[in-house]
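Take a look at the structures below.
Next come two complexes built around subunit A: one with subunit B, the other with subunit C.
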Partner chain A sequence: MYILKLIFKNAFRHKLRTWLTILGITIAILAFGLLRTVISAWYAGVEASSASRLVTRNSISIIFTLPLSYKERIRQIDGVNIVSWGNWFGGIYIDEKNFFANFAVDPKTYFELYPELIISPDQKAAFIRDRKGFVAGRKLAERFGWKLGDSVTLRGTIFAGQWDFVMRGIYKGRDNTVDETTFFFQWDYLNEKMKKISPARADQIGFYMIGVTKPEIAADVAVNIDKTFKNSVAETLTETEKAFQLGWIAMSQAIVTAIQLVSFVVIIIIMAVMANTMAMTARERIGEYSIFKTLGFGGRYIAVLIFGESLIISMIGCAFGIAFTFPAAKSFGNALSNFFPIFNVALETIYMDIAAALLVGTVAGIFPTVRSISIRIADGLRRIG
Partner chain B sequence: MKIPFSYNLKNLWTRRLTTGLTVGGMALVVFVFSAVLMLAEGLKKTLVATGSPDNVVVIRKGSDSEIQSGVERIQASIIETQPEVAMGENGVPLAAKELVVVIVLPKRGTDKGSNVIIRGTSATSLLLRPQLKIVEGHLPRQGSSEIMAGINIAKRFKGGGIGETLHFGMRDWTVVGIFDAGNTGFSSEIWGDVDQLMPAFRRQAYSSVIFKLRDTSAFDDFKKRFESDPRFTLEAMRETRYYEKQSEMMAKFLRILGISLTIIFSLGAIIGAMITMYAAVANRVSEIGTLRALGFRRSSILGAFLLESLLLGFFGGFLGLFFSSFLQLFTISTMNFQTFSELAFSFDLSFAIAWQAMGFALIMGFAGGLLPAIQAARMPIVDALRSA
Partner chain C sequence: MSENALVEPRSIVLIRNVNKSYRRGSQTIPVLENVSFDIAEGEFLALMGPSGSGKSTLLNLLAGIDSVDSGSIAVGGLDITTLSEMDLARWRAVNVGFIFQFYNLIPVLTAYGNVELPLLLTKLSKKERREHVDLALSMVGLSDRMDHYPNQLSGGQQQRVAIARAVVTDPTILVADEPTGDLDRISAAEILDLMGRLNKDLGKTIIMVTHDARAAAKAHLIKQLDKGVFIDVHS
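What follows is the complex of A and B.
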């Protein structure tokens, strides 16, 4: 108990220096936590995906479409429960800055397949009834202040023209892993307009979403679907929803890796700062440590003193850092909601914060400890400043 | 009177460990700072170099890129005959009707696929991009299922190397040539004959028409006349402007990332410098007293400590820049969000970046040293001398 008191007294002997170091560690842990959260936000789509859903798209690439007629043929395959379909619309609301995801979907089957999107039955009925209707996520509706009955116009980039919609519902996520920033409208509306302006592009679908009866048979169903359309004009590629999402992440892998690297660099930087503090502290106290040795305390005692001090400082910094991570992540997430619809601090992030702080505290203590233990008593006592 | 410069250097040397750690921390910050700037610069350079100011890209109005665009055959033919289009040998208009789509190819070394741009080209396409050179093999023959791959594709993607085949559109396509278009987006594309690729992909319309201006200053007049022509729902852009727009989102992302990282990291480094300098002052209280007693002014003391801190910044900046200059050997290949396709670009260290990084390092040194230097300068002589 006494040694703990001594360590505390030592740690706060140089108040200014200790608080500066704690501040530095707080900032570093905060930055580390935010960067880790950015990475987990990147993977949010994967986390939210279900094992019993498949995505079928054109095997050439996502920009090629599949005929609507595949719908019935997919439905006939064993193990297929629900078939839903949609198109990435890529519409722009007023300005490119207002980016959000917008899809044309088949409303009945889509909500059946995605039970995590919660919408009241009468809003859903109103959406299905109105060909020009749309449903927006709660956060998206809040962002632009849309209310039921409001009309919204999107400018098409892939499908040319101005497209008018009327808001018919707001959906909520079942839990906080569900993206609440998406805009859904009726696929029939898109298709009917395409029939008029560009008949060659009508009855074409971007991707099918398929619900299978049991998650265990998902892989077999995927193979069967692809086999059905082998050597046809539009060959398909069917993956589980998870693999589909991971495919997107793999394409921007370089950025994820860069953020990961940077998150480690910030720890190394703070390690240098912390090691510096500890080196100075130990150098100033080298005389004291020599006195301890003269009194008969062993090297281990001195090591405990130095490591303890180092760990106390880094853990206090870590605690502040973690405490600030939550409000910071919240405001960061609001500011970047169009890049990252989901921005939650994961429990693993907190564990990694603590591990990083322990590492910093330990590494910073090594060099001063070695030096203080190995110096000869007479040299230690002789040294000034 | 000024305190000699060697005094500062010797002081830093006496406390080598502390100096080294502080400089090391700053060097890392400068490294990250310049790395992000170099990446943004490399991206900009690549996309700016891709376009030529004399070329005009015509795409469908409202579409952001060639991939989303569609230009009907009849419209494309009308564009070719516009008076602003330059003429090549034998009176052939220097205009290319192109198809741009993306296909998924697996990367070498992994099985993960990534999107690659495949461009259906006309015979004139090459004349419009003089920077493109064949480095291996030969040009694909018109009317055959031969294709050529950009150098970044050949290196990174399965099926992109010479002699390899790709399968799409129910046909096999053989890579007969590798081309290098320098530091441009074209080096990350695959090229083939547009008249072969269009039926293979079941496309009835071209994606874009690119032509060379007869007179580069005629662009504004052309744009005004062309975009008010009721026969078209198309939009004309200089090629340089077009490629600049393609990189906007990515550049913005890099900028936001770079600025926020730099601010956070520099706070850490400034704190590091501050701790070092406060300790330097605290360790030398009696020394400062002696210097004052010898007749050095407060301003000299302030200057000496500031200089010492600036030196820390200078060494940190120098070291950081030194290591970041090696980054130029690396190439980053990632998805450009706006075109959904792979783009390779490298780190590029320009003089402007070197100055900015150095200036940034000195600012960090200054910010870290200011408060401790003021504390040292304000110390009363008698107290300082007595403290020893």
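What follows is the complex of A and C.
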């Protein structure tokens, strides 16, 4: 208790310097936390993926389609429970800046396959009934102020033309890891229009989503699906939903790596600032530490004083940084909801913040401790006066 | 005359053939050369000499905060030159009380906290520590200032706190390096009186380094050092 009191008093002896250092650490931890949250947001789709879902696409590339006729053949493969399908639509709402993900899906099977998307039975039934109906995530509906029955027009990019829809439902996520910013409409609407304006593109599927009976057999089912369509006009590539999501992230891996590097650089910079503060502090107190040694206190006691002070400063900064990360992440998430539909501060990020602060506090204390312990008492006492 | 006065006081410090030098770059500068002498228990010794004569170095050596190049120093029958750093630290905590020129109090601790500091290395309970600190502070006349921080005390008061800190563990010897060097004449006289009382009333062995002839006059014995050797002895 006595030593803890002494450490606290030492830490705030130079109030301005200590608070400036704490401010620096707060900003660094805040920046580190936000950058780690950006990375988490990047992987949100991966985290939300189910082990019992597979995604089948054209083996050449995701931009190539698969015939609708594969649906029945996939359904017949052992272990397959549900088959759903969809296309990335890529429609624009009024302006490109209003970006959100929009898919044409099979309304009957899609919500069955994705139980984490919660929609009331009435709304689901209304969606299924109306060929031009659409369902939007809660956040997306709030963003544009859409209400049930509202008409919304998207401008097609991949599928040209103006596409009119009527809002029939709003889904909510089961928890905060579920994206609530997606727009789903009936695949049949897309297909019927394609039959009229571009028959060659009709009955073509962007990807199949397949539910398997047990997660343990997912790999075998994937192999069997691809085997079924081997040497066909459109060979398939089937992978788990997680692998599929990771495939998307791999395309932007360089950005993720750059963000990770920047987050660590922030910590290294604050480590240098903190080490400088502690070096200055220890240099000023070398005489005092010599007094402690003169009185019979060992090097361990001096180490506890210096490391304790360093850790207290870094942990206070960490606490403030973590406290500010949550509102900052909320604002950041709201501002960038187009790009990061899920922007939550993960528990893992908090642990990393704490680990980083502990590392900063510890590393910053090493040099001053070694110096204070190793200096001869007589030399240390000469620094006083 | 009491019976005790007829008994030859035993030596509590025995210094034998001590040599000490410092290195400055490639140069070796001798500070103490073949120094030998004894200090009797209950002695009040003043070490005098010009700057660089080796008096502070000698004080540091016999207080166990510096090491000899050769020779031996025994305090209370223990050759401290053979002790490891850790053992020496433990030995200092029990056997030596330090009084410095610039008081060397810890600025973030109150007078009470500063005096309590050496007791943290003992097995005393909090209550026992309080009793010891109260006694030491009352001895130096600062019971009413125990909650004051060093910067709230005058130089003389700070030095009295330092003396209380030095005696609170009831050490074998008290070493004082220019204890009045930073004080005005009145405060210096008070400190010297206090040290005199500690020596006379409590029988504390005091070894004091000083430039001040008035301070040295308080001692029983004065030893003059010059260029690392004793040149004269007054008593």
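Simple rule for what comes next: the second predicted complex is superposed on the first by the 383 of 385 C-alpha atoms of A that agree within 3 Å, B and C clash if a C-alpha of one lies under 4 Å from a C-alpha of the other, contacts with A are read in each partner's own complex, and residues count from 1 in each chain.
One rule holds in what follows: contacts are C-beta pairs under 8 Å (C-beta built on N, C-alpha and C of every residue); 3 or more make two chains touch, one makes a residue touch a chain.
Quantities reported herein were computed from a predicted structural model and do not represent experimental measurements.
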item	value
Contacts of A:S252 with subunit B and subunit C, given as first, second, both or neither	first
Partner chain(s) touched by A:R131 [first = subunit B, second = subunit C, both, neither]	neither
First (subunit B), second (subunit C), both or neither touched by A:L381	second
Partner chain(s) touched by A:G287 [first = subunit B, second = subunit C, both, neither]	second
Subunit B versus subunit C as contact partner of A:K9, first or second or both or neither	second
Subunit A residues touched - subunit C or subunit B, whichever exceeds	B
First, second, both or neither for A:F297, with subunit B first and subunit C second	second
Subunit C-contacting residues of subunit A that also contact subunit B	385
Subunit A - residues contacting subunit C, complex	2, 6, 9-10, 13, 287-288, 291-298, 376-378, 381, 384-385
Complex interface listing, subunit C residues touching subunit A	57, 60, 63, 65-66, 86, 89-94, 98, 100-102, 104, 106-109, 116-118, 120-121, 165, 182
Residue ranges of subunit A in contact with subunit B within the complex	16-17, 20-21, 23-24, 27-28, 30-31, 59-64, 90, 96, 155-158, 160-161, 200, 231, 233, 237, 247, 250-255, 259, 262, 265-266, 268-270, 272-273, 275-277, 279-280, 284, 339, 367, 385
Touch list for subunit B against partner subunit A, complex	17-18, 21-22, 24-25, 28-29, 31-32, 60-64, 67-68, 101-104, 110, 112-115, 168-170, 201-202, 204, 233, 253, 257, 261, 264-265, 267-269, 271-272, 274-276, 278-279, 283, 332-335, 337, 340, 342
